[in-house]
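There are two complexes below, and they share chain A, which is joined by chain B in the first and by chain C in the second.
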Partner chain A sequence: MTTTADLSLSYEAAPTFSTPLRFFLTAPLFGALAGVVLLFVPDLLGSRWTPGALALTHLIAVGFMLNIMFGALFQILPVVAGAAIPNARIVAGIVHVGLATGVASLTWGLGAGSPPFLNAAVVLLGITFGVFLVAAGYGLRRTPIAQATPRDLRFALLGFGIAATLGMALAMILSGGLSLPLATVVKLHVGWAWLGGSGLLLAATSWVVVPMFQITPNYPARLTRYWALLTCAALVAWSAAVLAGFSLLEFILAIALAALSGAFAITTLRLQTRSRRSVPDNTTRAFQLAMSCMIAGLLCIVAAHRFDHDVWPVLAGILILHGGFVTAIVGMLYKIVPFLAWLHLSQAGMKAPNMKKLQPDGPIRKHLIAHAVALAVLLIAALSGSTLVVRTAGVLVMLEFGLLFANLMRVLGAYRIARSA
Partner chain B sequence: MNDITTLMSHDHRSCDESFARAETAISRGKWDEGTAELEKFIAELETHFTAEESILFPRFESVTGMTEGPTKVMRGEHADMREAVERMRDAVSRRDKDDYAGEAETLLILMQQHNMKEENVLYPMCDAQLAGENLPPTLAKQLGREQAA
Partner chain C sequence: MKQVIDARGLEPPQPFELVMEAIADLRPGEGVKLLLDRMPYPLFRILDRDRYRYESRVRDDGVVEIDIVAP
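This part shows the complex of A and B:
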């Protein structure tokens, strides 16, 4: 009997260090670029619909978040789901270049309102998503689905696929190549990108990562068993309500989705209070901030439905993307990268410095503080509308992503020193 | 507990808690208590490895005929963890708190990525392949008896 799981668990099946790392090192550059945009286009936070806000959102969501999520998936699919991506190195090369050029093109297309750039983004990101989803789907095709995480990873990939398709449709509407109701497609795109893709991936990862690394009790079995199913079902029903124009049903389902997301965030926070580890590490702190921001962001979404003011959606976007996803992702990155350095060193038969020598706590803490300050100033900037505060936020965002990049390079430096020793 | 995945995953969590008890004591500079907790953790970890290496893996290998497959990878990772545990012991004997924290962090992530592979891939495969073998009571006895000793 042979299954894909036979070999996928071995070190030999794990991708080379450069496979995930190229994504991890590119992502902070797009984050820093978001800071540059804030610095030079300070009126963009006035509404979620300004070209600058759209560009900014995609620099963070696609340029930063998706870059890291893709890089991490190349690494974790074999470990968590027993699914090895075939020809990972070549696939990663295509996905990495496609994503970087695609998001650059998309950002310029959105920010400058340029149809040729939007069209180029559709082609580049279309190829990127297509290649990644086919390769991941191929790796996953015969692996066991006994646990919640491998199943939910499949849902997340499906969610990303739907969000990407809707996003490409939107870019084509904006460039004049497709005639569809813009507002409806935007709504669906945001719903699927946020919850169907990113939200499901974060939850699927958390089911495993929180209990294991923070040594907490497991998530309640009912939550891990039904959360992703319910969220997907509610998303499908909500999409149908949006398409049919049933606004009351749409509102009720949006509240249901917010409640589901809130249940996930609150459960995570409660589990963390029961951690057996006496000293919360940086990842735990990052998760606490992320989950609190998610909850605050959800409240802003509810407020946006209730009060017709442009600030609520902007606050929700900052809290959920920068406060929620970016923080959680950074927290996990600081576990993954030094471990990979350690793993590749020890497997090459070299003496690997321990995790804290490869990635000391001090610089991580500095970065997390910079990130939290940038978040606070961003929120003040959105509330006050002051150009000066927005520009300050821009500088802080550049700084925080610069620190993240420097910290990751530090691990790489320590890795190289150990390799040459 | 009626299946291998549940039983063995539960034992993983139990090892984690012992790991955290040692970490807590040592981070507070309670070296004697920390040393004792670390030894308890190591004993529990070793019991778990033995249950797998002497009962679960051989059954899996003989039923599936796969001796070069996932169980070989898991045995290799057990060896890596045994080495990591020795470095923790060494740091404790030198009363080096920082070094212990770094080595413990290294073991924790090594152990958890190993657990993920077992819980998400290998144990479900064992449950599927060894359904008629009624292994859980034997494994539970091994884990429980040695833990009590």
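This part shows the complex of A and C:
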């Protein structure tokens, strides 16, 4: 039997409700901006390399996903891992402003091909990542390395650090300040951002959040023990193969990484079939869509290696980013935000309303339907290349992120009413 | 005999609500045992604030046991 002693110091500095919420409320605005880009630059889905596609990808990956991931980490580290970020309010302020201005500068720099904006993004995002990673690493220093979630959160932070460094190098290559092989650095940046940062964070969070909120059995111990270790090892080996130019080894390791991602997605889907809920709730539905999209996206990546056509990487990007990560993140948000509102009210000694009153099911369902329709239209847009369909997808993307913002504001409104009662 | 609250397999915040109800009825020196699937860090904060004594253990089967004693 293991005894856990004196934990009080580690959660003394648990963040206020506003600390994660400021990130959660900013993220949908960048998502909606992605819809605006689709509406006004409808030829961007022709290839993953168009300036519009690069801007769009970063609005979703950094503007939406990273905003929520960083915001969630301010909460997850103390609540799930018992690791508090020191001076969380000040750190959150710096990271929030740095991320928002950095991603705005980055997407404008990529979309318009503007070196000054790219250079500004390097500085802003460099400071942001530096501050966040040092603070989060400091918070995690005393957490037990033997537990899967704190250990995998460390790996994810390391992965984000590598992805961000490669991203900054890319911005400097594009602005003419650095001379490195562009295609190689892009490949490494995508691999580390997708799996080394986002994938590891999604998995580390899922180990806890899926059984907790979806009432499933725990993930198999062998998976939680080895998945992140194997994924990191395969990523390092794949990176070495990319740098050395061993294309066959690179392909084999890419397949291994796809298989690891697939194993995570399939295990999550199988766990959900064993949930103690008789009817799947909105979050379970969101995760089912997310994991199915991840698997479909992985198949598109394999197809992209086999068939030299621009549409496969674009489909993979839409399926993995919008269908996979955005859907899973939204599913988690709809559990985490009302729970935090409830928790902060309870901790303040107030009578907290029922979770369903803080976040009713109906508006969530409407948002998830809008999200699924936007995803389907985006895929049709990539396949058809029709300007009209791309513009329609843009309007739907604006709508879905608008609904998400409205739903999060609804929780905040209910929280404020309960606080003032 | 000490009251045992088995809150395993319940969706948050139900375990939290159950334990808060149980400890509200305790007289000074009385205790409850709480069984959970994971370490409830937010609960510890409230127990500290309200001066409850508690001890947490992770059993070999992964179940988290917390003994709470009223001040």
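Convention: the second predicted complex is superposed on the first by the 409 of 421 C-alpha atoms of A that agree within 3 Å, B and C clash if a C-alpha of one lies under 4 Å from a C-alpha of the other, contacts with A are read in each partner's own complex, and residues count from 1 in each chain.
Everything that follows uses one rule, which is that contacts are C-beta pairs under 8 Å (C-beta built on N, C-alpha and C of every residue); 3 or more make two chains touch, one makes a residue touch a chain.
Quick caveat: nothing in here was measured; it's all calculated off a predicted structure.
Chemist: In the superposed arrangement, does A:82 touch chain B (first), chain C (second), both or neither?
Modeler: Both partners, chain B and chain C.
Chemist: After the superposition on A, what does A:208 contact: first (chain B), second (chain C), both or neither?
Modeler: both
Chemist: Touch check for A:339: first (chain B), second (chain C), both, or neither?
Modeler: After superposition on chain A, A:339 lies in contact with both partners, chain B and chain C.
Chemist: In the superposed arrangement, does A:90 touch chain B (first), chain C (second), both or neither?
Modeler: neither
Chemist: With both complexes overlaid on chain A, does A:278 touch chain B (first), chain C (second), both or neither?
Modeler: In the superposition, A:278 contacts chain B only.
Chemist: Which holds for A:150: it touches chain B only (first), chain C only (second), both, or neither?
Modeler: In the superposed model, A:150 contacts chain B only, not chain C.
Chemist: Quick check for you: in the superposed arrangement, does A:348 touch first (chain B), second (chain C), both or neither?
Modeler: neither
Chemist: Looking only at contacts as defined up top, I'd like to know whether chain B or chain C touches more of chain A.
Modeler: In the superposed model, B touches more residues of chain A.
Chemist: Would you please give the residues of chain A that touch chain B in one complex and also touch chain C in the other complex?
Modeler: Chain A residues touching both partners: 1, 3, 7-8, 10-11, 79-80, 82, 208, 211-213, 215, 218, 276, 339, 342, 346, 355.
Chemist: Within the complex, which stretch of chain B touches chain A?
Modeler: Contact set of chain B toward chain A: 5, 13, 16-17, 19-21, 23-24, 27-28, 64-66, 69-70, 72-74, 76, 80, 87, 98-99, 101-103, 105-106, 108-110, 112-113, 115-117, 119-122, 124-125, 127-128.
Chemist: In the complex of these two chains, what residues of chain A are touching chain B?
Modeler: The touching residues are 1, 3, 5-11, 79-82, 143-144, 146-147, 149-150, 208, 211-213, 215, 218, 275-279, 281, 335, 339, 342, 346, 353-357.
Chemist: What residues of chain C sit close enough to touch chain A in their complex?
Modeler: Listed in rising order, the residues are 9-13, 16, 20, 37-39, 41-42, 44-46, 48-49, 55-60, 62.
Chemist: Please output the residues of chain A touching chain C within their complex, sorted ascending.
Modeler: Touch list, chain A to chain C: 1-4, 7-8, 10-12, 14, 78-80, 82, 208, 211-213, 215, 218, 276, 339, 342-343, 346-347, 352, 355.
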